[in-house]
Amino acid sequence: MNSIILRVGTQYLCGLLVLFSLYMLIRGHNEPGGGFIGGLIGSTGFVLFALACGTADARNALKVMPQNIAMAGLGIALLAGIFAAFFGDALFTGQWLFINETADSKGIPISTVLFFDIGVYLVVFGSILSIVFAMEEEI
Amino acid sequence: MTWTLATPLVLPFLTAVLAFLARYGAAGRWFSVAGNAVLLAASILLMVRVLDQGVIAAQMGGWSAPFGITLVADYLSAVMVVITAITALAVSVYALTDIDARKERLGYHALFNILIGGVVGAFLTGDLFNLYVWFEVMLISSFGLLILGGNKDQIDGGIKYVTLNLISTILFLSGIGLLYGMTGTLNMADIARTLDTVENQGLVTVVAMMFMVAFGVKAAVFPLFFWLPAAYHTPAFSVSAVFAGLLTKVGVYALIRMFTLVFDGDVAFTHQILLWVAGLTMVTGVLGAAAQNDMRKILSFHIVSQIGYMIMGLALLTPLAVAGAVFYLVHHIVVKANLFLIAGVAERTAGSTNLDRIGGLYKSAPLLAILFFIPAFSLAGFPPLSGFWAKYVLVAAAIEDQGWIIAAVALLVGLLTIFSMTKIWAEAFWKPHPEGADPALSQLTPQARRHLLIPIAGLAAMTLVIGFSPDPFVTFAKDAAAQLLDPTAYITTVLGGKA
Amino acid sequence: MNDTATATQPKGNGLVGLIPVGIALLLFGWFLSLAPAVAEGQSLRLVWDWVPSLGIAMSFLLDGLSLTFALLISGIGALVLLYSNTYLAGHPQFARFALFLTSFMLAMLGLVLADNLIGLFVFWELTTITSYLLIGFGHDTAKGRRSALQALFVTGAGALALLAGFILLGFSMGSFELSEILAQADALKAHEMYLPILILILAGTFTKSAQFPFHFWLPNAMAAPTPVSAFLHSATMVKAGVYLMARMHPGMAGTDVWFWTLTIAGAFTAVFASILALRQTDLKQALAYTTLMALGTLTLFLGQTSGYAMTAFATFLVVHSLYKASLFLVVGCIDHSTGTREADVLGGLGRVMPVTAFAAGLAALSMAGFPPFLGFIGKELKYAGILAIGSEPFLFAAALLLANALMFAIAGIVALRPFWQRTGIALPRKPHEAPWTMLAGPVILAILGALFGVYPDLLQTSLVDPTVKSLLGSIEDSKELKLWAGVNMPLIMSIATVALGITLYLAHKRLRPALGRLVDASPQFDKGWDKFLLGLKRFAAWQTRIIQPGILRRYIFATFATVLVAIGGTMIARQAMPTLPDLSDVTFQNIALVVLISAGAILTALTSSRIAAMAALGVVGIGVAMIFIVFSAPDVAITQLLVETLVVVLVAVALLRLPVLDENGRDHRPLDAILAGAIGLSVTLVLLAVLETPLDLRLTEYFEVTSWPEAFGRNIVNVILVDFRALDTFGEIAVVVIAALSAYALLRTTHPRKDP
Amino acid sequence: MNTLVANIFFAVAWMILFNTFTWLSVLSGLAVGYFVLMLIQPLAGVKSTYFKRVWYWIRLLVMFNYELIVSSIEVLWDIFTPKHRSNPAIVDMPLDVKTDAGILLVTNLISLTPGTLSIDVSEDRKTLKLHIMFADDPEAVCRSLKQGMERWVIDAVEDRE
Amino acid sequence: MTLMDTVLTLGFALVFIGVGLALIRLAIGPTLPDRVVALDQMTVSIVAFCGLAAIRSQDAAFLDVALVLALVGFLATVALARFAERAVGRRKAQEEEENT
Amino acid sequence: MIDLAAAVLVFLGAAMTVVAGIGVLRLPDVFTRMHAATKVGTLGSGLIMAGAALHFADPAIVLRCVLVVFFLLLTAPIGAHMVGRASLRLGITPWSPQQDTDPQKNE
Amino acid sequence: MEALLAITIGVLVATSVYLMLARNVLRFIFGLVLISNAANLIIFVSGRLTAGAPPLIPEGADGPVGDVANALPQALVLTAIVIGFGLFAFALVLMFRAYTTLGTLYSDDMRIAEPRTEDTT
């Protein structure tokens, strides 16, 4: 695709989309967002990249094969679920750690639930890209 | 306890991830074998627990039923998981030779193990929406496995398979929505409990029929089975083996589960329809097989026919009949998966599965002949092989229930089954090979022989064990049927004593 | 076919050949040792609780009837196994053959000893399978395979009826133990299920014993090697049906149905088979048809309840087994030695094969019913038995007489002419005497026939009386076996038989064309079999073309039609209709949304422009997203919009290589539209009905209450996704991964290119 | 760019000092930061076009909005009048802006201004194809765009020493 | 009923009318870009719709929907436009092939 | 006062949206329609966002509104550019007052 | 509104069934997208509708304030949308591949797996 305008626009938008997707991922537990939405948005960034600059560039930018990202995401989500076993809890029982807990605020949460959501993000991200890239390369 | 139930579900996914990330080397396929071996161990452990304690349940995420998702295993679930693990292990060994490196690089092992994960999930879940999710997992991985290879017939068969299954999926999903709209819950035990209080019981029957159609497509019953004969003969042999063995049976399982636990309020209507469906499925399937001339196509149509037997057990809904359905399920998975595996070896040695183009296996591959003979004649219902007992229990149940017509149909279809099995036997094994020398197993490398024949022999041995020593299996099936027909224990266990 | 092709390599078979003989001999010895006890009226029972959960035991009962059969089976079995050791010496598949034959023998023993209906059935079917494999021993030819299938299919069909009969019998009588069932004979005969049980069981026995009209498979089964024919089709398998009728006799005989069915079928089969037998020029075929005749006769007797008939049955059973096995083996020797079995070709073998000729002569005389052979006693008893029939004795007697005369003639054809007539026609091979291993069988069996004729008491006490006791419950009515019973009706009939027999023998060549015409005019069951198979295949193909035409649209149509019937039909049948919906709360906004979505959907369906369809899909997606926005589902709305966008992107990419929607003509399908409309209407109605039921919100309330305090999340939807129902989400992402892998594989699999 | 970071840093510090996060504090923080940076510029030895650039940006935004509103009315008029008064044409305009960001900004802003729409930039980045709705005098439109929008953008984003 | 409520009701109606008009353009085409433009116009209208919904429900969550759509919505337009462009290229290439 | 301003902005925005719709429907060719969709539509959404920002008057929300407008301004012209370019390559000639019919149907 | 939506769903179902019955499998894909939307709406409407109150818990509160929309169907629909997308993507690629290998999009002409001449008698 030899549109200068689109290519230049993509330079900015792709990063913006990925950044924005991470924002949606992180805040998803409390406001609209989460792994699915984040992953979808993140993938659109690279979809745009592929449309504007071709899949070869997009793959180079991504460095890792999207299928591997997706499968790794599945693995992370699964490990987040299995992690509960170390505490004698059932599969997918959320494990929470609050940093800087104070009387009136729980502090910064780190949880298996977040890791699960990250897994979801990666799965959606990687899966969509592997389909779109492969499809793009067919035409 | 909770991990007893969760482990068999988790393992295939773990295996899939590892096998996928290692797909460029030999490690991937061995991950698959090892993972399935561990799965078998875990499922046996589950079975031991279930035999010890009856129904067991675990609340995922620690959220109590009906709020979270419950995994639950009664006899039926447990035995289905065990048999799944056995099939999976057998097929994963077979796949060591059957699946080439290109398919491995495209993710065969991941697809396969996630398929197994979906199957296990479907058997273990106590939550309707979760069942839908596992059905989807199964469905989509079966799509992938089906078309892996990309031959023209695979694509064509794949289109039929995909389109018709998608319709079923949508119907299933809609049914869940409607059921939720009536009961406000997704936990199957909870639905079963609250559905009786719904005022418009006619509506419950309508939704029941929706589920019947949705699962009917999955189970490949008349008149919804088209996708199966259109597709099952096209993929790699290890794939069609696992499809033939497991996939439709999940549909049957779901029918049994739903129409014993949940939709038991209008039996006179629903189960009468099921009985008709059963009879027509048996007959059309077996006739379809009689019209085929390809080993895998014959076997595919027979799947349809035999689904009819299982549905017949459910439809009659007597303890003996349901026990028959359970027994038939178990027997059929072992036998049918094996027959497809054997078809694969036949193709490798004789060059085709088209009966016109092959022959001579009896003379020069006697081991294969024996290994085929056992499941084939088991399928045809000859004693003392497993298929005889399966058929016997069902026919006995029908006669006991004075279902003369269905009993007659079941027997007649058995006869026609003999017809097809002997057709394969006569054409592929007895008849001399139409061109050139008779095929022999020695054409395969020793390694390939090991990979291909060990699983076949193992499954054949199971057929023999069930056949010669059916009592524990029948006893088990009867106990399973008793649990199914009186779901009180199931409901109580799932809901933690709040039945 | 010539199954002695390997005679040129007379290698022994070593242990593989001898072990089965040993097994058979041991068993024979063991049964023989039990004979005195049985003769004293004891019966031995052995029970192994096989499948207690189904009330099925492997119980065995040794009484007179089963002992007689067991001795015949194991004794003849030993001889036949020994015989085949030489007959098939060096055959590459001999080991399999020996295995199948031994298995068959054991199954047959199990069958006659079993005292449990299902146990008996198991052995019954085992004989079916093993005989299938034995008949199909000549599997290289289409004829051999056809014969095997025919035998399997016909007897298999009967077996299924039998199974149904057994199950019905077991349930009706509350037990699957034969001895328990037979003990309540009166209850059984009075049971409302008696007739169905009888019909089903007889269907099994008639097919197995090749009674008319199921007789056609037996001559074809002669495709098997001769020892197999000798064993299966003389002494054992075909007699399984007879055995079962005899076994059921105490419990079921005595009714009109029983009497007429067995008598008529037996008599008809006997005559019919004898006529067919006379037609044959192949010695083995001729013997096969005489076997049919014998089976008919045995069936005929089992129709009766008189002591004469029972004694006749027991005696003829033994007689026939001895001479028929002997003759089959003789024919095998001839075949083995000369390379042919054609009666018109063979001649003058008496000098080169004296021992064979001797055995053949003895057996043939027994078969023809000359004194002092057992055959004579048998025949006398038969006539006595037939005359004791309550109804129409003379009709049946005449039939029997004709059959016996024909048999007389055939005995001559088979046993005399090959040895003593002069033909001058060159034989395929230079004949020579068979080795002792092959002669032992025919000679011993033939001598036994003579021995029992001279000493009938031996047979009477050891086998006939105990058998009669099994049948009638006591031996009071058992008739004495003797060569000379004075001048009576049976003797006169015997003389008539001999006269007629000689006539027929002399005239048989001239009679053949006439018989041929007669047979050709009667129904052709064997050709009927081909027609049946063809019809079955055609019907199956036709049905499959209708149901599975390979056209996707029909599949989808059928599926949706089923959906319509399931939903719409049930709504009507179960009266689940909703009441009229309340539309008072509808706002302009709502209507606008609905119009937007519907317009988009209809546009998608009706446009013939791909791009319009795709854009219209986008409209629907947007409309649905707006519904999610209006009804408070921001997460869902975002997801919907993102997915919608990606859908458009993917379709836009794919369309680049796809053709336009309608290459030839517009897409106009009224029938589909009707179906679609009806389904849409049904769905709406169901949904309206569901919406009338009150919704229980306890799950949602629980999530609302626990979401923050226990799961530390303020977005309840997300908390449900990643915590309350994380397992769903996990499965779902697995779906996504696999969808991607599958799509990727699909794209890469046909056009192999390097993975980047 | 470093200066922008510094400015934001000052704004954040400002807010931390007041321990508030409001609309007002953000704006005032940015403004205060800007002035402080301008004051300390000689001190820190920063030779930056930053201060000028900020003004150019503000000018760009203001002028753009002005153009947007004024020419919107023209389009609206055309939409509502039954006869299309417009006289559209496609015109090639030579392009002086060089950098990626500059091109994007120019074309976007031209597109957003009613009456003109960027269609394409040639491969050599020298010409911009425009669709002009009221092209009674295309030359004049191009000239005004070059002197207006493009000039402002070049001033705002491109280093032209 | 405050002023805002009235404006919102009116606003929803206006947005719907706008979407409806775009829908008509989408249906009648006639060219591919016409349809794309119509779809694009609808997407942008949904952003407005989200703003209205946010004000009416007093919940900023709907602004997130608008945010996502504003950022991602044009992707569909880009894809479709690219389709149109490439389809032409293909057709031309095909014709050339046929001519030679 | 702020409420009034917000209401006016919202109303103007909604009005712009409908105007954009009219433009897309009524204007004579794809290029002129793009003018309406890209600019007037964006303007409409932007005004409503401004109204929302005023209405909520919460920094976090205002930021979101600003971002929405910013994103729209960034993406809408790019989309328009793509469509315009495609139209040109499809061979669609711009409407001019001299001809009064729609260009030929394509696709 | 629930009732009105039920009617809309009926329209969606009807149009998608009509599309799925078409000769061209691409129409099946379009139908699939529509019917997935219908199924999602069925779930959504089965959980009943609440306007203008997303199921979010405001800062400082332990639970949602006032009557908020039913969160459970939303989560289910979200799940179903993503699954539906996966299925759609695969189906599309399949149809695409069908065209490039079989050379047609008309299902009537796709007779490789079950050939027309298959008459084994």
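Order of writing sets the labels: A, B, C, D, E, F and G. Residues in every chain begin at 1.
One rule holds in what follows: a residue touches a chain if its C-beta (ideal position, glycine included) is under 8 Å from a C-beta of that chain, and two chains touch if they have at least 3 such contacts.
Computed from a prediction, not measured in an experiment: that's the story for all the values here.
Enquirer: For chain F, which other chain has the most distant CA centre?
Expert: For chain F, the chain whose C-alpha mean is farthest off is C.
Enquirer: Looking at C-alpha means, what's the farthest chain from chain D?
Expert: C
Enquirer: Between chain A and chain F, what distance separates the C-alpha centroids? Give it in angstrom.
Expert: 31
Enquirer: For chain B and chain C, let me know how many angstrom lie between their CA-based centres, rounded off.
Expert: Centre separation, chain B to chain C: 26 Å.
Enquirer: Taking each chain's centre as the mean of its CA atoms, how far is chain E from chain F in angstrom?
Expert: Centre separation, chain E to chain F: 9 Å.
Enquirer: Roughly how far is chain B from chain F, centre to centre by C-alpha average, rounded to an integer in Å?
Expert: Averaging C-alpha atoms per chain gives centres 56 Å apart.
Enquirer: Which residues does chain G have that touch at least 2 chains other than itself?
Expert: Only 20, 25, 28, 38, 42, 44-47, 51-54, 56-57, 72, 76, 78-79, 82-83, 86-87, 89-90, 93-97, 100-101, 107, 110-111, 113-114, 120-121 qualify.
Enquirer: Two-or-more-chain contact residues of chain E, please, as numbers and ranges.
Expert: Touching at least two other chains: 12, 19-20, 29, 32, 36, 38, 53, 57, 61-62, 64-65, 67-68, 71-73, 75, 78-80, 82, 86-87.
Enquirer: Multi-chain contacts only, two chains or more: what residues does chain F have there?
Expert: Residues 19, 22, 34, 36, 38, 42, 74-76, 78, 80-82, 84-85, 107.
Enquirer: Which part of chain A faces chain C closely enough to touch in the complex?
Expert: 28-37, 40-41, 43-44, 47, 51, 56, 59, 65-67, 70-71, 73-74, 77-78, 81, 91-92, 94, 96, 106, 109, 111, 113, 116-117, 119-120, 123-124, 126-128, 130-132, 134-139
Enquirer: Using the touch rule from the top, collect the residues of chain C that touch chain B in their complex.
Expert: 50-54, 92-93, 96, 118, 121-122, 125-126, 128-129, 132, 136, 139-140, 142, 144-145, 148-149, 152-153, 156-157, 160-161, 163-164, 167-168, 171, 536-537, 539-541, 543-544, 547-548, 550, 552, 555-556, 558-560, 562-563, 566-567, 569-571, 573-576, 683, 686-687, 689-693, 695-699, 702-703, 723-728, 730-732, 734-735, 737-739, 741-742, 744-746, 748-750, 752, 755
Enquirer: Report the residues of chain G in contact with chain B in the complex, numbered from low to high.
Expert: Where chain G meets chain B, its residues are 20, 25, 28, 32, 35-36, 38-39, 42-47, 72-73, 76, 79-80, 83, 86-87, 90-91, 94-95, 97-98, 101-102, 107, 110-114, 120-121.
Enquirer: Name, in rising order, each residue of chain B that touches chain C in their complex.
Expert: Touching chain C from chain B are residues 13, 20, 60-61, 63, 66-69, 102-103, 105-107, 110-111, 114, 117-118, 121, 125, 127, 129-130, 133-134, 136-137, 140-141, 143-144, 147-150, 159-160, 163-164, 167-168, 171, 174, 178, 181-186, 194, 198-203, 205-207, 209-210, 212-213, 216-217, 223-224, 226-227, 229-230, 266, 269, 284, 287-292, 301, 362-363, 366, 377, 382-384, 388-389, 392-393, 395-396, 399-400, 407-408, 411-412, 414-415, 418-419, 422, 426, 429-432, 470-471, 474-475, 478.
Enquirer: Along chain B, where are the residues that touch chain A in the complex?
Expert: 2-3, 6, 9-10, 13-14, 16-17, 20-21, 58-62, 107, 110
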